[in-house]
Every structure is written in C-alpha cells, then in structure tokens.
Amino acid sequence: MKKLAVFLSVILLLAMACLVPSKAQEAPPAQLYGALQKIKESGKVVIGHREASVPFSFLDDQKQPAGFSVDLCLQIVEEIKTELGMPDLTVEFTAVNPQTRIPLIANNTIDLECGSTTNNLTRRKQVDYALTTFVTGTKLLVKKDSGIKEIEDLAGKSVAVSQGTTNERVIKAFIEANNIDARIVNVKEVAEGLLSLETDRVDALGSDDILLYGQIVRSKTPDTLEVVGRRLSYDPYAIMMRRDDSALRLVADRRLSKLFASGEFNTIYSKWFEPLKIGENTVPVPMGDGLKNAVELQAFPE
Amino acid sequence: MRYNWNWSILFEDPYLGWILSGLGLTVLVSSLAWVIALVLGSLVGIARTVPVAWVRTLAGFYVEPFRNIPLLVQMFLWFFVLPEIVPEGMGRWLKRDLPYPEFWTTVIGLGFYTAARVADQVRAGIESVPKGKTQAGLASGLTWTQIYRFILLPLSYRLMLPPLTSEFLIIYKNSSLGLTIGLLELTAQARQIEDYTFQGFEAYITASLLYALITILLLVATQGLERQLRIPGLIQRGT
Amino acid sequence: MLNFDLQVIWQELPFLGQGLLTTLLFATLSILVGLVLGTLLALMRLSPFPPFFWLATAYINLFRSIPILLGIFWFYFLVPFIIGRSLGNFASAFIAFVQFEAAYYSEIIRAGIQSVPQGQIGAGLASGLNYPQVMWLIVLPQAFRNMIPPLLTQSIVLFQDTSLISVINVREFMGASRIIAEKEGRPVEIYIFAALIYLLVCLISSQLVKFLEQRTDPKRRRSTETVAVVG
C-alpha cells in the first residue's frame, strides 16, 4: 500500500512537471518569443554602440551615443514600439568593441548592435543581421609622407589592425600569402589605431575605408593623413542581432525597407556623410554605387 | 538559453595552441616580473631600514607612488605615456623597435609594482628581527654591512618567506592585466577562444583550472621551502 | 611631444568627475557588501559544521587563485547563459568584484577572530550565552578592533582594483579617462592626471589609516604591514 502511494505520487509529480512550461519550447507563432518577448517583459531595448566608430556609432561631445547606425537603430526601435504597442519603451545603451560585440549579442546583454559591423557568412553561424545599410572595404590609412600606396609597400613596416575585425583577417591572410615582411600590431579598435599611427607606433592602419575617413576627421592633424590602396575586401555593414529570431529580423527589415523606399534613408545618409564632419574637419562622402544599388534592391514591397 | 557543450574543440588547432601560448606567456611574464620585484624590492626595502635618514626617505618616495596607483593605471603609464615623455629617439625605439612591447611593458609594470610591495615586506621582515641581535653584532665590532649580510638578511628572509610567497602568487593573478595593453596571456586567450568558437564555458573553466593549478603547485613548492628554512622559536606568520 | 595640454583636462573635468563619483560609489558598496559577506565566510570557515567549513574553504580558495579580471569576464559574458538574462555591466562587475573581495576580507577577519583569546569564548559560554551571542557580543567586537588596520588597507587595495571594471566599459574613473584619452588623442595628460588623482586619494586614505591606528592602539607595533598581506 505504501509503495503504491509512493509510486502514484511520483507519477503525479512527473505529470505536474510536464505541465510547467519549459523555456526551450517554441512558442506558437501568434505569441512573442526571442528578443521581442524580452523587450516586452523588460520594457526596454538594449542597444550596443561603439565609442569612436565615426560616423556610424560614436560618443558625441556630450558623451552620448550618436551616429548613422545609431539613427537607423532608433528608427527600428520606433518600429518595435508600434509592433509591441509600447510607446513608452526605453532605450538603454551599452558600449561594445569588436571583441565583445558578438558575445554580448549571444548572451542577451544587447538586443541590437548598432555599429560598423560587417555582415559575413562566418559570423552568421553565431548571429544574424538586418538589411545591409552600408558598403565599404578594407583600405589603409597612412601619413602622407610615408610613401605607402598599396599593401605591398608595407614591407619592412608595421600596420595596426583591430582584433576581431574582418580587416584583421584579410590583412593577415594577404601578408602571409604574399610573404610580405610586415609587422602586425593588434589594437583594441580603430580609434586606438589612429592614436598608434599619429604617435608613430605604426606606419599604417588597416580598416574599412569609411572608418578611416571617419578617423581622419577625428584627428587633430587631418591634413597629414590619407587613405590609400585598393579595396582588399568587400564589407557590407548591417545591424546585428541574435540568431533564430525572425520576428525581430522582420521588424528591423520592415523599417529599413520603408526608409529605403521613401527616401528617408538618403536623408539620414546625407546628415552623416555629406559631409562627414567632426568639429571643424569635414570630408564629403557621396553615396557610392554599391550603396545606391543596395537601397534600390532592398526596398521590399509591403 | 541554449548552450552546446563541446570540450573537444579545445584540443583542436589552433585553440590548443592559443591556450598553451597564453599559459606560457602568463608563466614567463610572472617569473620575469618576480625577478625584478625581488631584486628591486629587496634593495628598496633594505634602503628603508638603513641608519641613514636621507636614504630611507628616498626609498620611501619610490614605494608610495607604486603602492598607491592602481596597477592598471601604472601599465598605461608605462605603455602610453613613457614613450611620449622620453627623448624622441628613445621614444621611437620603445614604440617601434622594441620587440613585443606589450610583453616587456607588462613585465616592467608588474615588476615595479610588486617591487614596492616586496619592499614593504622586506622592511617589515628586517624590522621584526629582535633588536638584540643587531646590538650584539655592533657590540662585537661588526660593521653595518656585515650585520646586514650575516645577521639581518638571512634571518629576515626566512621570516618573510610566507608573505613573499603570497606576493609571488599575486603576481600570477596580476599578470592578467597585461591583456589591457594587448598581451595575449591566459585570460585574454580564453576570451579570444570564446569570441571565435562560442565555447566560452569550456575556455574559461580551463583557464580557471590552469590558474588554480599554478597556485597549488606554487603553494606546494613553497611550503616545502618553508619547512626547510623555518626558524624555530621566532614568530612565524601564516599566509 | 612635451607640450602639455591641460586645457583638455579642464574641459573634461565634469565627465571625469562623474567617473570618479561612480568609482567611489562602486568602491563603497563593494566594501560594505564585501565585509558582510566576508564575515559570513570567516564564520563558516571557523565553524565545526563540516558542510559550512568545506563550502567556505572551497569558495575562498577558488576566489583567491583566479584573477579578478577572469571573474569579471565570467559574470559579464557567461553567467547570462546560466540565468537566461544579462545583468548589465555595472551589476556584473559588482557581483564579481564583491565575491573576490569577500574572499580576501574573510581571511583577514578569520585571523582577527582567531587572535581573540580562546578564554573569552569559554568565559562567554560559561556565563550562559549561546555560541551566536558569544560571537556577536564578545568575539566580533574585539576581533574587529584588531582587524581594522589590515581591513582598511585591503579596502584601499579594493579602491585601486575598481579600475579593473573599466575593461567591461563601466564608466568609472579609469573608464572615463580612457574614453577622453582616446577621443582627444591625449593619453599623456589624461593618464598622468588619473594617476595623480588615484595617488592623492590613496595617500590620504593611508594617512588616515595610520592616524586611526595610532589613536586606537599606540603601543601596539604597527600591524599594517606585518600581517601577511592578502590579496
């Protein structure tokens, strides 16, 4: 009798345990899941931003996050507000750098990464991206009198690259494949690279060409620097988010599509790139063909 | 949230190489820094006890800044500031021609910081030797140098063994600060593996175990040493 | 390049000041929570109850053998996978930090408790007090008086260690300094300034500690350096 009671109570307990919803279950399509569920429950969106990725994501003079990508992300936040019916959604900003941006997306610390991140297939194993918002490629920043014009001229010289970027991989691969005797110096991110170049620690800085223009305007001596070389890689930028979250992806892409179609994207582009400026320094960066095509092709119909 | 365990990835190339090189750098940096700390720290510590006032004060000027500025800030001073305030030629050499600048900067920064701590231990050790011994030495006609050499130093170092071994362990942990100036030591490698493979738990657990292993090995080694050199009858402070 | 640009420091003083306030806030909270947790750990370590003893010993040894930076990374990058959500960088740094400092404090506190003569405990128990009362009313007050110098010294070390949390982008003093140094391209002025501020705060604190020591027990040989320096 006692054994039967024990047996029955165990069965009962197990049955009750099965009723407790497990987090790993996929919610039925009508319900929220993933980032949207988290945003709904916490009442805030956490955006990862960069500290000096001019003009995409950086700290302005009031030390607040600002930039082209940040503006696009705030647009996406507006779309999330509509989607979830939460007009009072708050936005929280967290600083990231190339080494921490992917881990912080993966562990739920940030919901959207709004910086200057290249969308490539390897990263898509760990994260997902919204529609492409910029097109660029790896080039070199050098001092005008250095005589360096292409990556091959780096023989016997040193080049700074940021750890964890596509530029690092491309430059390392090129140097190794062609046996160029160049020294690679790792920096935390592109702003530190500018510092290294200006203080003569390195002869060149390798990064996406648009970021290099951004560093020129940040510099106190912009006339001594120039961007040289052919594009060593194809780097389409996109806003990063967690993998397997089509609901969030749809919200983001929907908003971006609207911006592309209505021409508002071009307005935002002009705000930050025509011209690209910090303080007194300006550099005009007209929209390239690659980006124009991307805007046209990605304006998906309703 | 899901997490897929995959321990085998740590044994694959290049990740295994990364862990080993990280471990190697940690050990190398810590050992070299310890040599600097011991030598410099002893000199300063002894200088703090000599019966010449200006020497003592001067030595004090060394200890105070190095003990009251965080190690992280000190590393940044060595790495970013020093090359800019020395003469142009030396600055250039430091920034470009010095091989592995992150490595040497970490060694120097760690060494000088720990030297200040060692100096305090040495001073405390020397001061804790009963005054009677020094006086006996003076009475017997020994010079101060001889007193230091034959009485004070041998006794005080054996007394100081526990706190000194504690400092050695602390250096190992502080070597992790090298990652802030780009040194790819053990902690940095664990982070890099996490970034590349997403097997963060495996990487971090391995790094933690390796640090714990180093600690245990050092404790065992120094306990043996302590037992050999213990002086019966004099106060022995436990770690 | 010996043209010091003090203008930069002057301009950014508000931002740096905010960072310093964050540091002070973080340090104060860590010290308070660390002391409480550390006392608990010390009592557990001294307890005759095996589970408490072994748990405390394992904890203390773990947190004394790995670097604080590794611990901070653990809490920031990996713990979210365990608990399903992230704590943000301030909270992650705080929880990690407190756990390490508690381990260091607990060793000092344990030494302090052990330095109270056994007879006190015996007398207390004989007077009819139970063990917790003996601890609270007799042992701990005396132990803490003995421990104040090394505890304060450890707190100064804790204050310096707060600079480590800048690695996960917490905008405390060192983090704020880094942002300015990189933004303005003037690492020399900013880092020297930061070093001077830390030096000032720690020197003043050390002097206060020495002053307190003299006042509480001028006859005792200075115990600040002779107790094995933990940390």
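Every chain is named by a letter (A, B and C) in the order it is written, and numbering of its residues begins at 1.
By definition in this document, a residue touches a chain if its C-beta (ideal position, glycine included) is under 8 Å from a C-beta of that chain, and two chains touch if they have at least 3 such contacts.
Everything numeric in this text was worked out from a predicted model, so none of it was measured.
More contacting C-beta pairs link the chains of B-C than the other of the two pairs A-B and B-C.
Taking the mean of C-alpha positions as each chain's centre, the chain lying farthest from the centre of subunit B is A.
Subunit C has its Cα centroid 36 Å from the Cα centroid of subunit A. Per-chain CA centroids place subunit A at a distance of 39 Å from subunit B. The distance from the centre of subunit B to the centre of subunit C, with each centre set as the mean of the Cα atoms, comes to 20 Å. Among the residues of subunit C, those touching two or more other chains are numbered 1, 77-78, 80-81, 84, 187. Multi-chain contact residues of subunit A (touching two or more other chains) are listed as 23, 103, 107-108, 199. The multi-chain contact residues of subunit B, meaning those touching 2 or more other chains, are 1, 84, 191, 194, 200. Residues 1-2, 61-62, 64-70, 73-74, 77-78, 80-81, 84, 156, 160-164, 166-167, 174, 181, 187-188, 191-192, 194-195, 198-199, 202-203, 206, 225-231 of subunit C are the ones touching subunit B in the complex. Those residues of subunit A lying in contact with subunit C across their complex are 23, 38, 46, 51-52, 59, 63, 92, 94-97, 100, 103-104, 107-110, 191-192, 194-195, 198-199, 218-220. Of all residues in subunit C, those touching subunit A in their complex are 1, 15, 76-78, 80-81, 84-86, 88-89, 168-169, 179, 182-183, 185, 187.
Residues 23-24, 99, 102-103, 106-108, 126, 158, 163-164, 185-188, 199-202 of subunit A touch subunit B in their complex.
Within the complex formed with subunit C, the subunit B residues making contact are 1, 3, 64-65, 67-74, 76-77, 80-81, 84-85, 117, 120-121, 123-124, 128, 162-163, 166-167, 169-170, 172-177, 179-180, 187, 190-191, 194, 200-201, 204, 207-208, 211-212, 214-216, 237-239.
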